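Both complexes shown next keep chain A, but they swap its partner, so chain B is in the first and chain C is in the second.
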Partner chain A sequence: MAGTLDRERPLAAPEQRRGVGGWFDPRGRRMGGFAFILNRLTGIGLVLYLYLHLVVLSMLARGPDAWDQFVDIALSPPFLALDVLLLVGMLIHGLNGIRVGLIGLGLVASRQRAMFIALMTIAALVALVGALRIFGGE
Partner chain B sequence: MTAPASDGRRTARFRVHRRKAGDTASRYDEFEVAVGPNTTVLDGLVEIRRDKDPSLTLRHSCFHASCGTCGMRVNGQEGLACVTKVGEAAEVTVEPMANLPIVSDLVVAMEPFYECLDPVDRPLIRNSETVPSELPDGIDAYTRYEDCIECGICLSACPIAGSDPLYVGPAAIAAAWRVVEEPRGLAAGPVVRLMDDEQAVWRCHVAWECSEACPSGVDPAGAIARMRRAAIAARARRLFGSGGGA
Partner chain C sequence: MAIGPTTPAARPEPGPRHAPPFLGQVVSGAALLLLLGLHMIAQHFVVPTGLRDYASVIDWLGSPVVVFLEVAFLVVVTYHALIGVRAILFDFGFSGRTARLITNLLWVVGIVTVVYGVALFAAILNAG
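For the complex of A and B:
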């Protein structure tokens, strides 16, 4: 970055700051704060899923039997529920990411709350349709 | 919560953060305080200090949201204790602002906060010693950032200031944007360049808590967003050779 702040003195000692754990503390947060928490939780979830996905793909290397066995598990209701959870995470993170990008540059910043409500409503509707399709076997 | 008396007063429990210099851990003391419909948290704390525990340390002055000295967290949310009503709450947990060093009980050291403001070097330049009869068009946009009372609440509410102690914080960026927006003869370019920094505008993660928490209606998050645009524009100008100013 181009700045020359070169700040060296911290605001407070670690034990007197909220810390990274404070990112997930919902006490006293408003809508923007909840959006911030949701984005972090879903982001972490999606990163974990990426690694889980690689583990699943590695089963292909173990031959057809291992893969067929996994597919049977993947079609079980608990696993399908995880698919719905993944879809919800992707929708929240992706749509809220658009909001963060726009308001972070001052575009429609005064509408940040309305935008969050609108985008999360879209996320809920798409997740609902997705869940019906996932459990409906389409 | 006890049933309200005929005059509307009742008893609320105050859970107050306590920590003195040298203490290794914080604790919470509980006090029963008589409150009415208009009792503020500061009213309750002053009563505790006067009648129940003179060792309670708190900072306050004006009692009307002007001085910015009684910033604290009430039930987890930042606010000025002097204008935060107890309301219907049976229990009120009062803690010092986060992300700044605790001096004693509810008092935090403000020096690190003021140090964040220092690099901006906010000018207080009067064009005239008298107030003009007609204010310039669009002055409202400027006065919003002028309204900052430097209470530190935005820094306490910011989740990023809690995890990155070198972040300059929302108030400093809002102050810098005030200079850029209304430079009063100063050069705005160096200020934009100063804020075009990983410890300044690019550290913000848009939680918008600073603007929501600000008791003066300043919009630090909006200032950060505008400063980002100015920083990008200044970079583009430098890149394409049309000058280095903001």
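For the complex of A and C:
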């Protein structure tokens, strides 16, 4: 009986297989699955950044010397490269999040693949412009 | 033995109560698009170097509206972040007591985060 029930149960979506380990299982994964993984990974990165940001902001409470010294360091090229990475993460998570929200609310589900491609194209273009501006270009 | 709604196999998974509150994530995500946008514009995009110096930060935080928006941003981003962490942790298949424990722990982490952030705002304003 249990075997019958197991056979009748639909296969779990790739992203739901074997917990977090299943995220990295590419078998049978479609674009929506990759978008799911991308959203999770950028989300984890942004959560880590949120707490790092709060720690960094504590320097403001130590007075002008501590903060202005940090600003000098933060404007160095390696830190600016991390800013670009942060911008990329925010764009991917934010724009893909719009898609996830719309689909979850039952809207545009049939267009999710096209939406993902369009939103990620926008993310790439904005990231490129942002990177040029962050490194001082116009 | 007849399979009815009371047999263990037919009982629903501990779903809706422990499932990620999707609507909360969507609503906080939509609010974040606005609040993060405002934060990025005010703190980074309109500043020539991309980062305010100390005097500029203190001057900017002198407005109660700005403080309100920044605290609102902190609350919403913390909620959105931790609800996301909860969803990821639930991918490990936790349910029942463990799921409730995780949820409660994340509430504590969230409250501590917001209290720390608000105390930091107060400390910065006092130091300035």
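Quick note on the criterion: the second predicted complex is superposed on the first by the 114 of 138 C-alpha atoms of A that agree within 3 Å, B and C clash if a C-alpha of one lies under 4 Å from a C-alpha of the other, contacts with A are read in each partner's own complex, and residues count from 1 in each chain.
We adopt the following convention: a residue touches a chain if its C-beta (ideal position, glycine included) is under 8 Å from a C-beta of that chain, and two chains touch if they have at least 3 such contacts.
All values reported here derive from a predicted model rather than from experimental measurement.
Of the two partner chains, chain C is the only one that A:Leu54 touches; chain B does not reach it. In the superposed model, A:Gly104 makes contact with both chain B and chain C.
Judged by the touch definition given at the top, the superposed model places A:Leu46 against chain C, while chain B stays out of reach. Judged by the touch definition given at the top, the superposed model places A:Gln112 against chain B, while chain C stays out of reach. When the two complexes are overlaid on their common chain A, residue A:Asp68 makes contact with chain C while staying clear of chain B. Of the two partner chains placed by superposition, only chain B is touched by A:Ala35; chain C is not.
Of the two partner chains placed around the shared chain by superposition, neither chain B nor chain C is touched by A:Ala124.
The interface of chain A with chain B overlaps its interface with chain C at residues 2, 5, 16, 19-20, 22-23, 104-105.
Note for the complex: chain B touches chain A at residues 73, 75-78, 98-102, 112-113, 115-116, 119, 155, 157, 159, 161-163, 165-169, 193-200, 202, 204-209, 211-213, 221-222, 225-226, 228-229, 231-232, 235.
Partner chain B is touched in their complex by these residues of chain A: 1-5, 7-14, 16-20, 22-23, 25, 27-33, 35-36, 100, 103-107, 109-110, 112.
Residues 2, 5, 16, 19-20, 22-23, 40, 43-44, 46-47, 50-51, 54, 57-58, 60-64, 67-68, 71, 74-75, 83, 90, 94, 97-98, 101, 104-105, 134 of chain A touch chain C in their complex. Within the complex formed with chain A, the chain C residues making contact are 9, 22, 25-26, 29-30, 32-33, 36, 49-51, 53-55, 57, 77-78, 81-82, 84-85, 88, 91-93, 113, 116-117, 120, 123-124, 127.
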